[in-house]
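Once you scroll down, you'll see the structures, which are given as structure tokens.
Paired with chain B in one complex and with chain C in the other, chain A is shared by the two complexes that follow.
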Partner chain A sequence: MITFRLLEAAAAFLIAGALGALITARRGRRGAWVSVVAVSGAAILMVASAVRAFRGGGDPEVSALPIRALGAALRIHVDPLSAVFLCLAGPIALLTTLYSVEYMGRFVRDGLTKYYPVLLILFLAIGGTVVTTDLFWFLVFWELMTLTSFVLVIFERESREAHRAGLKYFVWNQGAALGLMGAALVLWRRAGSFDFEAIRVSLATLLDTAPVTGHAVLFLFFFGFATKAGILPMGTWLPDAYTAAPTSVTAAFGGTMTKLGIYGLLRVFLHLLPLGPATTIWGIVIAVAGLTSLFAGTLSALKQDDAKRLMSYHVIGQVGYMFFGVGAGIALMQTDPLLGTLGLVAGLFHLINNSLYKPCLFLGAGAVEYRTGSRSLSALGGGLGGVMAGTMACSLVASLAIAGVPPLNGFTSKWLLYATGILGAESSFLLPVAALVAMFISIVTLASFVKYVAGAFLGAPVVTPAGAPPIRDVPATMLAPQYVLAGACLVVGLAPFAVLRLVHQAIVGLPSMIGAPDFASLLGGSNTTLALARDGITLASWAPVPLTAVLLILGIAAYVGLQRAGGVVTRRVPVWACGEEENPAELRYRADSLYRPFKDVFHGMYPRMPVVRFEFPDFLRRTLDLDHWLYQPLARGTQGAVRGVSRTHVGIPQVYLLWIIIGAVAVILTVLLVTGGAP
Partner chain B sequence: MLTVILCLVLLLPVAGAVMAGHARAEESRGIAVRAALAAALLAIWAAWSAFPLGYDVRLGGLPWLGREAGAGLFGLLLDPLATILLLVVTIIGFLTVLYSHGYLTEHNQEHHGTPEDQGRYYFWLLAFMASMVGVATAPNFLQLFLFWELTAVCSWSLISFYRSATSLRVGFKAILMTHAGGLFFIAALLVMFAQTGSFDFDAPSRMNENLRGWVYGFLLVAAWAKAAQVPLHTWLPDAMEAPTPISAYLHAAAMVKAGVFLMARAVSSGWAVPHGVGLLMAVMAFVTMLVALSFYFLQDDLKRLLAYSTIAHLGYVLLGVAIGAMGSPVGLQGGVLHIICHAFGKATLFLCVGAVAWITGSRSISRLRGVARVMPITAAAYFIGVVTVTGIPPFAGFWSKFMILAGAIRLPSPMGPVIVTLVLVESLVAFGWMLRVGQVVFLGPWTPTGVERQPILLPRSMKAALWVLMLGCLIAPVIGIPLVHRIAP
Partner chain C sequence: MSATILKVAALAILNVALVLLLSPLYEGLLRKLKATLHSRMGPPVFQPFLDTLKLLGKEDLLTVQHPAYAVAPAAALASVLLLATIIPIGGAPPLAFAGDVIGVVYVASMSAVLLILTAFASGSPYAAVGGSREMMSLLSVEPVVAVTLVVGAMKAGTLSVAGIADWNAAHGPTISMTLAGVALFLAVQAQAGKLPFDIPEADQEVMGGPLVEQSGPRLALFRWTMWARQLVFSLLLVELFFPWPRTGVLAADAPLALLKALVVLVLVAVVDVVNPRLKVEQAMGYYLRVALSSLAAMAFAVVGM
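Then we have the complex of A and B:
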């Protein structure tokens, strides 16, 4: 009950904040600060309820707002998995709202009435999605999330690209959501209720009695969640929509909303679906989908010039990693619980890490856009590092984290993913291959973020045009969120143990995780070293702090030993252009010049779906137009007939007498005919 | 007490109509708004106090019909189903009158109204409201029929309100087609009375299987004509010649709902509709939805687009009712809920289009661009209307559509999934198209049409009506769900 009250209060904060922001939207920044206050209240309450869930398994389920005819009610229960997502959603919501305060000043032609209230309702929907244990309300929150995020994508009223992107986003996701609705209805038919427990029973019987329908239902679930997560090819909406939305919103999407696709997968395939042959099949499907996405998504990122677009393709790639880990885990769970759990923990841990560095990257790109007005890496031409040092430092940390450079957080989760793949060789030779692909893609990630950091920050300092104010770093409210996220990347990288324990708790708390190993036997009980062991033999280990210390010492030693002792002198001179006099700007190595061979080879890597132009067949239109061939001819016919009758009115008595006689004869003849002449 | 209130709900609009018809132009507006407001408030009060009990009172009769039907033939009935329609017609009726207050002025860039017309306008509008109240509270088929035909007369007069050649022609077309349906209603009444000696709502269920099928079939044809269902749908898009508030009220929220209300009434009293009739109703509802959908893509006039959308959504209601008739009461509950949810959503949409035309003088999708720049509230209302009728939670349409689908999935095997799939496909396509049209018309850079008065300001009454309707789009299910729960066998 306390959890329920906490969440109720969080919802009240958000709704009140939305109303407050709606009223104060026209008064400068007041609406923004109202929203920040509301979101911080909600974030604290969300984290508090999550902490309760981690501590003692949470409070029992509470239900409200019943709809009797449907057997649906707003059932609220926070289990450790929900708690993980609450812990992410609350703080990231707060950071992105805080960032918006200054950032949204960029948009002078659009009012903020359609920003803060909608953003707060989006956070409400995200929170609602992860805490309800009723499939109906899950759908309600899910679609509310789509609706509010659509409004945010089309925020720029006069940008046609934003509208196109928004429409594409909404139609794809609405289609997927309708699929979810269909699946939910099929399960409800047997269960008579939308409660997760009843649905679990219903899904098990459905798979036994009507396997085709059962798998169709699972397909609809998979399709719905994969679309939201941006998995190929349904994710075609993602780069467009992420690029079109204001960057603060993009960060919120990347940090929370897209991740709910993974939440949905875990809920359905490990909560609603009992362990069995179906889990193995669908685990493989999920893993393969993830692998394709991480490959195609990340390679497509390499050739992007727009910083946000580049990162959007990485969203697809990164979600691919999570799908791969989660899918492999689900598939292996029945045969090899140790490895299965490892894959799931790796996938979920990667999700947490991604929610830290991905928003940080987006916020950095937004900061650059805020100061320079541009997102094109070629146009930027580098050199911002000197004037936007804070932003650069955060972006660098996040870039290294996403590329999986130790000791940052991205490395640890990727290490676990690779371990799952390599150790899975016993089950299938494909798993190590997949791990190799993932490693290769990790290098591609590094390459593309080298491009980003170099293209935006490194190189000679930018020269601002005469008269324009010099470029400075962004205001504190925009920097602070970046510092927090980058700091979190570092901390989680160095001390992943506590977070991994919570992730493990979240995973093994799911009903289908039968036979899952405890944390000590999975990753070792130590608080300094992660040790992967099987049958008592340690197969691999990673000790972040000692190893980092060693690397750091070696690095310093190398610097001191080589640079200083060797007496190297750094000279700052203009680039030598073989004696030709060239404009220094033209001699820059621009971002779009990087990775040419890759671009040529992987051109069109990412499938693009053409919009089919639909011509309505003319004959069909004529057939359907009943007026044309039925009613108008009928009316004309009637009119003609009536006119014919009216012609008999001539006004001459003799003619009328004739009519009377003809009529009388006709009547007599009829009577004779009917009676047959009998009297 | 309740009898008095209900009689007042019925008579206040009549009194208002007579007074507004005789008053001078500027007075008639005020009279109409007050009468409609009073009726709406009393209706809400009546609904509130009758909610736990249900309410039925019989007053007089026609002596020549004999003992069975003679005494207590007429009267008032306020059960959950009647409450739904009563609330729709009075609340949205009031909002329409309020909106008309600002709409029918010389500042209207689409039709420059003349003050002398106002009395006539409000007379017919309030008379219409009264006859809809009569339809909603009728205790038997006979009384329902009387008010049913009255609505047709009012509708005819209002469609032809501008008295141009086109509007006279389409008004005639409308009354011809709906009245043709009315003849089937009479046939049903006669068969019913001849067989059972009663006009009660459950009278058909007391008849033998064969005749019962015919009676329900006749009622169905009458409902098709009134609710503009294929093949009797062609009058509705043409009726868009009427002033926009009239289109919103008569042809989206109220009159067409009489048709589906009749079927909901017939099915839910006795639950004895033969399976064949139920199936026919469902199939034709589908045909209607798809035919209407196919016309979406050809429309350039926003109002005609909305008219086709209305046709499709009445198809949804009838589909729900048909699902109820085939043995799945949740479907009927969803259908009835859709009456109120769709009424709020579609009235919002129509009044938005009215506001746009009021300012810009145009309703053409290909001409209007970036209207949100000058009319932000109207634009917001349009998008809320779209998500309401296409069913995106938390807005109203979602709840009713979901209940219809839940009813459908309970039907025996192949039918349920087929219906669900078709409905989902239809709603996705319709949703995509309406959203696209909204983006084209409202978003993007603002392109004036050239006839706007400066500064561009909507009258306060029109804005107020839009605000209340937007709120209604959100809370309609809160009102509707407890009511429809009580409609069950």
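Then we have the complex of A and C:
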């Protein structure tokens, strides 16, 4: 009950904040600060309820607002899996709202009336989606999330790209959501209730009695969640929508919203679906989908010039890693519970890591855009590092984290994923191949983030044109969220143990995870070393703190004992251009020239992103076009009729008299005909 | 407990010292060998030490003033020395508990990452071209290294570096491990930055590429990093894929491993002498083919050969 009260209060905070922001939206920053206060209240309450769930397994399910005719009710239960997502959604919501305060000042033409209230409702929807155990309300929150995020994507009302991206976003996600509803309805007809427990039973019987329908239902679930997560080819909406939305919103999307696709997958395939042959099949499907996305998405990212678009393609790539881990885990769960659990833990842990570095990267790109007005890496040409030192430091840490450079957090989750793949060789030889593809893509990720960091921050200092104000670092409210996230990348990288324990708790708490190994037998009980062992033989090990300590000692020794041993003088010199005297702007190596030969080698393999245009079929367009078959014919008909009537009105009394006589005769004749001549 | 820690620390210091002190010596030997093949006198064997010593006392010219830029050379060298502590040199890897083959792959790429970032940070367009090439070389070589180590992991059934070495020492040569060893040997050529794959540095084209703005102690440390890197990679190659014969005594195995590593580097140097530099795309095509053919080693590993 306490959990329910906490969440109720969080929802109240968000709704009150939305109303408050709506009222104060026109008064400068006041609406922004109202939202920050409301979101921080909600975030604290969300994390508090999550802590309760981690501590004692959570409170029993509470249901409210029953709809008896449907068998639906707002059932609220926070299990460890929900708690993981609450712990991410709350703080990231707070950081992005805080970032918005200054950042949204860029949009002078668009009123903030449609920003903060909608953003807060989006956070409410995200929170609601992960805590309900009722499929009906899950879909209600899911729809609310899709709608509010759509409004945020088309926030810039004068941008045609935003509208096009918004339409694409809406059609894909609404289509996917309709699929989810269809799947829910099929299950509800059999279960008579939307309760997860009842659905679980009905899904099992459905798969036994009507396997085709059962798999169709699972396909609809997979399709819905993969679309939201941005898995290719459904994820084509993602780079457009992420680029079009204001950057603070993009960070919130990347940190929370699209990750709910993974939440949905775990809920359906490990909670609603009991382990069986179907889980193995769908595990393989999920893993293959993930592998495709991580390959195609990341390679496409390499050739992007727009910083936000580059990162958006990486969202697709990163979500591919998660799908691969989760899918491999689900598929292996029955034959090899140790590696199965490892894969699932890896997928979910990668999600947490991604929710730390990805928003940080987006916020960094937003900061650059805020100060320079540009997102094009070629146009920026580097050199911002000197004037935006804080932003650069955070972006660099986050870039190295996403590329998996040890000891940052990205390495730990990738290590778990690769270990699952390579050691899974006994189950399928394709798993090590998949792990190799993932390792290769990890270097591609590194390459594209080197391109971002070099294109925006590194190199000779920028020269501001005469008269323009010098570029400074962004205000504290925009820097603080970046510092928090970059710091979290480092802390989670060095001490992943506590987080991994929670992730493990979340995974094994799912009803289908019977026979999953406990944490000590999965990754060892030590608090300095992660060691995967089977039958007493160490299979893989990773100890971030000792390695970092040794690296630091060696680094200090090399710096003090070698580099500075001579006590030499340092001198600041200009870049040596081999004697040529050139304009500094011409001396830059533009970001779009980077790795060109590599891109050419992969040209044939380069997956061209399928550009899906929304050409409605002709009949549908005609059907939807009310002008065409309703309004215009109606208007034309009315007009014609009126013109006909007006033609009779000629303004001559004799003609009117003639009409009256003709009318009277007609009436008399009609009466005679009807009565048949009888009086 | 403390005895174990002391032993680990002693072994780690030994590995670091061996790599740190022998890598310039090996470079000197290779230069002498190359000179002989060129029919030149060549510099004395200890020339790399002398060069380093001289560079350490030179004025340090910086184009950028940033703390991270200042410490990058030391960090690069430290990352390679860290790599030396998680691979075996005669004995078990000192920090075996801390890193497995995935750790090896990623720690090995750290020095390259630092070099690339330093190159871009220096602001020279030549360095940027070099950095871009270095990245592409990493993109093409790293998969080869990864495939070979994964083959080892599949054969031994563990990701632990020591586990793979022990398994190979105990089981004798197998087709898959030999193929993987050959592929790793081909990768060492580029990891060592030798012709025909010295594309990032390419003195005649981009004037040292990433190193064009590095001078004095910074240049010395980056050079040392490269020498150490080529030694560490050849040690990894001989210890994992050609560990025979093995006596089990550190005093005998370590010199043997170092000798075998020297043989590997001599072969690398010979390839260096007789080949002209490739273009980037040729090198990438080459390593793509190597990576794909080393998948054959994986296939052999799957069928247990």
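Here is the rule we use: the second predicted complex is superposed on the first by the 576 of 679 C-alpha atoms of A that agree within 3 Å, B and C clash if a C-alpha of one lies under 4 Å from a C-alpha of the other, contacts with A are read in each partner's own complex, and residues count from 1 in each chain.
In this text, contacts are C-beta pairs under 8 Å (C-beta built on N, C-alpha and C of every residue); 3 or more make two chains touch, one makes a residue touch a chain.
Just so you know, these numbers come straight off a predicted model, no measurement behind them.
Of the two partner chains, chain B is the only one touched by A:188; chain C is not.
A simple residue count on chain A separates chain B from chain C, and the partner touching more is C.
In the superposition on chain A, contact of A:336 is made with neither chain B nor chain C.
When the two structures are aligned on the shared chain, A:143 is found in touch with chain B, with no touch to chain C.
Shared-chain residue A:565: touches chain C; no touch with chain B. Of the two partner chains placed around the shared chain by superposition, chain B is the only one that A:163 touches, whereas chain C remains out of contact.
By the document's definition of touching, of the two partners only chain B reaches A:67; chain C does not.
Applying the stated contact rule after C-alpha superposition, one finds that A:627 touches chain B and leaves chain C untouched. Shared-chain residue A:593: touches chain C; no touch with chain B.
Note for the complex: chain A touches chain C at residues 382-383, 385-386, 389, 396, 400, 403-406, 411, 414-415, 418-419, 422-423, 425-426, 429, 432-433, 435-436, 439-440, 443-444, 446-447, 450, 453-454, 458-460, 529, 531, 537-543, 546-547, 550-552, 554-559, 562-566, 568-578, 587-589, 593-595, 597-598, 600-601. Within the complex formed with chain B, the residues of chain A that make contact are 67-70, 111, 113-114, 136, 139-140, 143-144, 146-147, 154, 157-158, 160, 163, 166-167, 170-171, 174-175, 178-179, 181-182, 185-186, 188-189, 614, 616, 620-621, 624, 626-627, 630-631. By the touch criterion given at the top, residues 12, 16, 56-66, 68, 71, 73-75, 77-79, 81-82, 85-86, 95-100, 102-103, 105-107, 109-110, 113, 116-117, 120-126, 128-129, 131-132, 135-136, 138-140, 142-143, 146-147, 150, 153-154, 157-160, 163, 207, 212-213, 216-218, 220-221, 224, 279-281, 284-285, 288, 295, 298-299, 301-302 of chain C touch chain A in their complex. Across the complex, chain B meets chain A through its residues 177, 230-231, 233-234, 291, 294-295, 297-298, 330, 333, 370, 372-373, 376, 380, 387, 392-394, 398, 402-403, 405-406, 409-410, 416-417, 420-421, 424, 427-428, 431-432, 435-436, 439, 443-445, 481, 484-485.
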